[in-house]
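Presented below are the structures under discussion, each in the form of structure tokens.
You will see chain A twice below: alongside chain B first, and alongside chain C after that.
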Partner chain A sequence: MTEIPSLQVLLQLTVNGILGGAMYGVAAVGLSLIFGTMRLIFLAQGAMIILAAYFVRALFQGLGIDPFLSLPIVITVGAGVGWLIYQGLFRRAAAMEDRNVSLLIAVGLMFLVQNLMTVIWGGNTAGVVTSYTASGIGAFGIRMSFTRSIGFLIAIAGTALVMLFLKKTLVGKAVRAASEDMTSAALLGISPHRVNAIAFSIGLALAGAAGVAVATTFPFNPFAGFVFSLKALVALAIGGIGNVAGALAGGIILGLIEAYVQYFISGGWTNAFGYGVFLLVLMLKPEGLFSRPYKKA
Partner chain B sequence: MRFDFKGMIAGLALSTVLTAAVAQAAENEIVIGAPISLTGPLAGDGKEQRWAYEQAVADVNAAGGLQVGDKKLPVRLVIADDESSEGKVAAALENLIKVQKVDALLSTHSGPMNVAGAIVAEKYKKFYMITTAFPFEWQPLKAKYSALFFFHPGPGAEVPFQIWEKLPEDQRPKNPALVSEDTPDGKGFGGAFVGAAEKYGYKFAVNDPWTVGATDYSALVTKLKGANVDAMLVFGSPADTITLMRQMKELGFSVPYFHGWKGTWTGEFHDALGADSDYILTDGFWSSHYPYTGSKELGERYEKEYGKDSVTVGAFYANAQVLARAIEKAGSTDAGKIHDAIFGQEFKDTVVGDLKFDETGFALIPSVATQWWQGKHQLIFPDGDWTYKPAPAWDKR
Partner chain C sequence: MANRLLEVSNLSVAYGDVRALWGVSIHVDQGTIVAIVGANGAGKSTLLRAISGIVRAQEGEIKLSDNSLVGRPPEDIARLGIAHVPEGRGLFRHMTVLENLELGAFQPKARPRLREGIDKAYALFPRLKERAHQKAGSLSGGEQQMLAIARAVMSDPALLILDEPSLGLSPLVVRQMFTLIQTLHSQGVTILLVEQNIHQALKVADYGFVLKTGEVAMQGTGRDLLANPEIQKAYMGVLE
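Let's turn to the complex of A and B:
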């Protein structure tokens, strides 16, 4: 166990944890939306994030578009892909009472995307190297990663926009209604397929946003997405399944746990603590730390 | 259901013709099979391995083939994708042995995958020539139909300390750290580093395992910075090591001596870090700077094709060299005869040097240490011609 560190080190760890956790958070927000309407843990979310990262790399290397400037393109394409995936793969399964079929489709999609990426881009670790890659910014003795800081802003902005959409637009309210009770929502004239497709579109648009953050920050390979899916799932459970802001907060909490455990105990214990907290929350407050017992999108 | 007598006769005739063709092919050529990771997370390594095997086979055929008895037979290489999975190696080997009817086998890579391959080879009595597995993983099998050359983690872990011993006193690390991934390989290698440190009179200021596939090592960097670490021995995957390096730079932390295993030798490491990979020391199984026959030419050939160098292709090429020479020596592809031609025997002047196999079928090669410099691996250990350069702070590079 490490000695008690200075305030500066504690601040540094906190900043590290928040910036690292925001990455999980943005993946968890997409997962949360899809779960909200379809009651489906979309395990392919991580693979879609990595697919988006490869797309960002292709735009950068092929057309010279800066990864952060490619954000609108990637989000738009992500939303379109989400719509198509729902209509093509999940539409029929979504009408079935047995959710396992949808889950199996998600697992199949994950493997398919992973292997397609391997065939197209190879299994090697890939990355995007820009003039600002690995650059840091400093203030008050604290150092911050430039790309992670932008990733954090993307996570906050993405979550805020999704919340505004859900609360202020008619379509968003329909999505919320469907996530509360799909049967009642359908009786009121809300098309389940439409809200599901919208949730998928937004979920994959967020995967696109996360892909931009990943491409600029991490090296990645076709199989790197599974960790994001797992961490997003943990973040989701901590923050509250079906709670958009809670999902982001859950990601940040997970990031802080990992940072503190890595520093004070050992890097080998980070996952054990992360998954331990995940189980504890599910045992003691299954609706998540930031949700009321009846979940809302 | 109607019985189609004509169809049955036609099927039988076709099958007889095909069987005869396979038998004819078997008499006129030697078929070597190789399970290789063409897909999956190890596909990058598999690409180098495939290239090396293909080069070795092409070179054998260019020289007229293998002398087996009174005939010189051409060699044909057949590859099966093991999908980078321990579980899929057995299926790939069974396909090669039962469907492709190969005469002998060259290995895939990594310990657990090669152990799986050796077990299948033993079952079907086909010789499986291995490199890139630790002897402690393969030797407990007491295999008759496979042989291995590679390095021991023990001597491999001593390499950095041997390099430090040769440095001027003021360049020797005072506060080294060990960061080894949280896997069986990482723990095995980590233990070997701790033993080597004790032997050479060093103590690690930080000895921390790190999680595979984590996206954030900033807390680890903060810890290393706080402990005034001046040298790092790092065992981890390319992706994790690249993330660590990037975060070290973001957080303004560098060490004069950074030596990586597993994750730093690949071209992707340099591609992802660019000039930031300069000064990094890396492991490897081979170097084109070796003075052995064909080493330099093989390195040049690889560089010409891919525009970068490699620290692995020589080991895989040598693997094929050993199998080819053993088949010639045995005068047969019979696994028992190949066993006799390798176990307890010496193979002089391969591209990794002389290989002396002991009675268990194991031959030791040295672990290589190179330093990245402008996109190339410069050989430091063993007997390198490159002078180690300590890394300055990030803002002074």
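Let's turn to the complex of A and C:
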């Protein structure tokens, strides 16, 4: 790469990175919430996103519901599924001292969902093509895909709503309190099972939102979810665990890194750089780029 | 006889193979201050943790009024009316003072009184009002203890449990703390107090229990225990 890229190219890369990264971000926000209360890395999050994408496709192909208009349905179903997953799979394990049990359940769930999707929809790449899939918005010589832009807005809105919930409602405050100190929260009458179930509901509602964004922008297959989980994990590490806005920002940073590396180095190196940054952040600033190390009073 | 609020009978607790409490029986009457005193490692905190459900009892019975507490999770016990300020205060350090107070009224029955409770807390602790929007972790040790107690009484508990409220505080602040405990008592709050500051604790207490290696070694009114030469020799002789 000897040529110097034009400003326009740089801007285009930046826009692509931000739009793509927001999707990692919204997946990371879900991971962050679940990790907060349960100290569990919910590795099945990516698989659930892909499951949601298939659900969006089924609604579109089967019932003719526009993918973006299906958002309320997908989010609601996601929240319900999250509640059921917690009550059915994690409730007992959550009470155990050993976190590995929960982690193994998450891994098992991931494989189960992947394989169920393969059985039901086949292992080939699927996609949702609408009349507007190929359309874009242009300004100053930069082109933004319409579907990616909407996906970005969904990610921002989803994150903002979660933040509002956590900051402004008493139940949201209870979730934050439980994330900080579960025993103290329980001593105030806050039920650990309830906050865990809430975290799971919101986490999977966000997976639903991400599923809509994925379905409308990327071709996907049943096994694409694991990479998504990994990227969300990277975004989470960059942004700082327990920091919702940071998780979104971490996703966007990862998206930018990928966009630049892909252009300036090569597509094959994008993941290597992404995971390299992951390790670097964990080594040098394990609390995340956006969390101040806590000062003792 | 006064109204029995809390009755712990024959309670035994073990951490793995290590027994921390051996057949402990204590009681707290409505409207009183009861102090549990003893040396480090005597099992004082374990007793409180068993009452509020953080640790499980192996044997024995714990009753709050007519409700048995054994086997219930902490959040249920909190809802039955026990507010436990744990050792180390248990504040949410990354959350604001006001948010900590609000969470004190999380229980459904306390929620309607949330606003009123916060006003009451501010009246009792003007410093908390000044610092309402600061992070709890940024407060001084004394202010943190005040916040922890203010948060605990937000739920208007039947029984307030305080684990070492004077720990790590300067002598002046310790005196304020005990004044506060008496103020709450005069407002009708029943208090169960664990302290290493034996002299101060027995001075404010109506009744006291001395724990020694997991057993009740002595009990009596605060005044009697304070006057007891054995206690003076064992716990206060050298240090006070």
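FYI, the second predicted complex is superposed on the first by the 292 of 297 C-alpha atoms of A that agree within 3 Å, B and C clash if a C-alpha of one lies under 4 Å from a C-alpha of the other, contacts with A are read in each partner's own complex, and residues count from 1 in each chain.
Just so we're on the same page, a contact is a pair of C-beta atoms (placed from the backbone, for glycine too) under 8 Å apart; a residue touches a chain by one contact, two chains touch by 3 or more.
Keep in mind the model is a prediction, meaning the values are calculated, not measured.
Asker: Return fit or clash for chain B versus chain C, each positioned on chain A through the superposition.
Answerer: By the criteria stated at the top, chain C and chain B fit after superposition, with no clash.
Asker: With both complexes overlaid on chain A, does A:Val107 touch chain B (first), chain C (second), both or neither?
Answerer: Touch partners of A:Val107: none, neither chain B nor chain C.
Asker: To make sure I follow: the centres are taken over C-alpha atoms, the vertex is chain A, the ends are chain B and chain C. What is that angle to the nearest 10 degrees?
Answerer: In the superposed model, the angle at chain A is 140 degrees.
Asker: Does chain A have more residues touched by chain B or by chain C?
Answerer: B
Asker: Of the two partner chains, chain B (first) and chain C (second), which one does A:Leu280 touch, if any: first, second, both, or neither?
Answerer: In the superposition, A:Leu280 contacts neither chain B nor chain C.
Asker: Which partner does A:Ala174 reach: the first (chain B), the second (chain C), both, or neither?
Answerer: second
Asker: Once chain A of both complexes is superposed, is A:Gly189 in touch with chain B (first), chain C (second), both, or neither?
Answerer: The second partner, chain C, only.
Asker: Should A:Phe218 be classified as contacting the first partner (chain B), the second (chain C), both, or neither?
Answerer: It touches chain B, and chain C stays clear.
Asker: Applying the document's definition of touch, where does A:Ala160 land relative to chain B and chain C: first, second, both, or neither?
Answerer: neither
Asker: So after superposition, what is the minimum Cα distance from chain B to chain C, given in Å?
Answerer: Taking the overlay as described at the top, chain B lies 36 Å from chain C at its nearest C-alpha.
Asker: Report, in rising order, the residues of chain A that make contact with chain B in one complex and with chain C in the other.
Answerer: Shared contact residues on chain A: none.
Asker: For a test of understanding, state which residues of chain B touch chain A in their complex under the given definition.
Answerer: Residues in contact with chain A: 37, 39-44, 46-47, 84, 179, 182, 208-211, 213-220, 222-223, 226, 237-239, 242-243, 245-247, 249-252, 266-269, 271-274, 276.
Asker: What part of chain C is in contact with chain A in the complex they form?
Answerer: Listed in rising order, the residues are 52-54, 73-75, 78-79, 83-84, 86, 90-95, 99, 102-104, 106-107, 111, 137-141, 144, 151, 155.
Asker: What residues on chain A touch chain B, complex-wise?
Answerer: Residues of chain A touching chain B: 2, 5, 9, 12-13, 16-17, 19-20, 23, 115, 118-119, 122-127, 129, 133-136, 138, 143-146, 148, 217-224, 227-228, 231, 255, 258-263, 266-268, 270-271.
Asker: So in the complex, which bits of chain A are touching chain C?
Answerer: 170, 173-174, 176-177, 180-181, 183-192, 294-297
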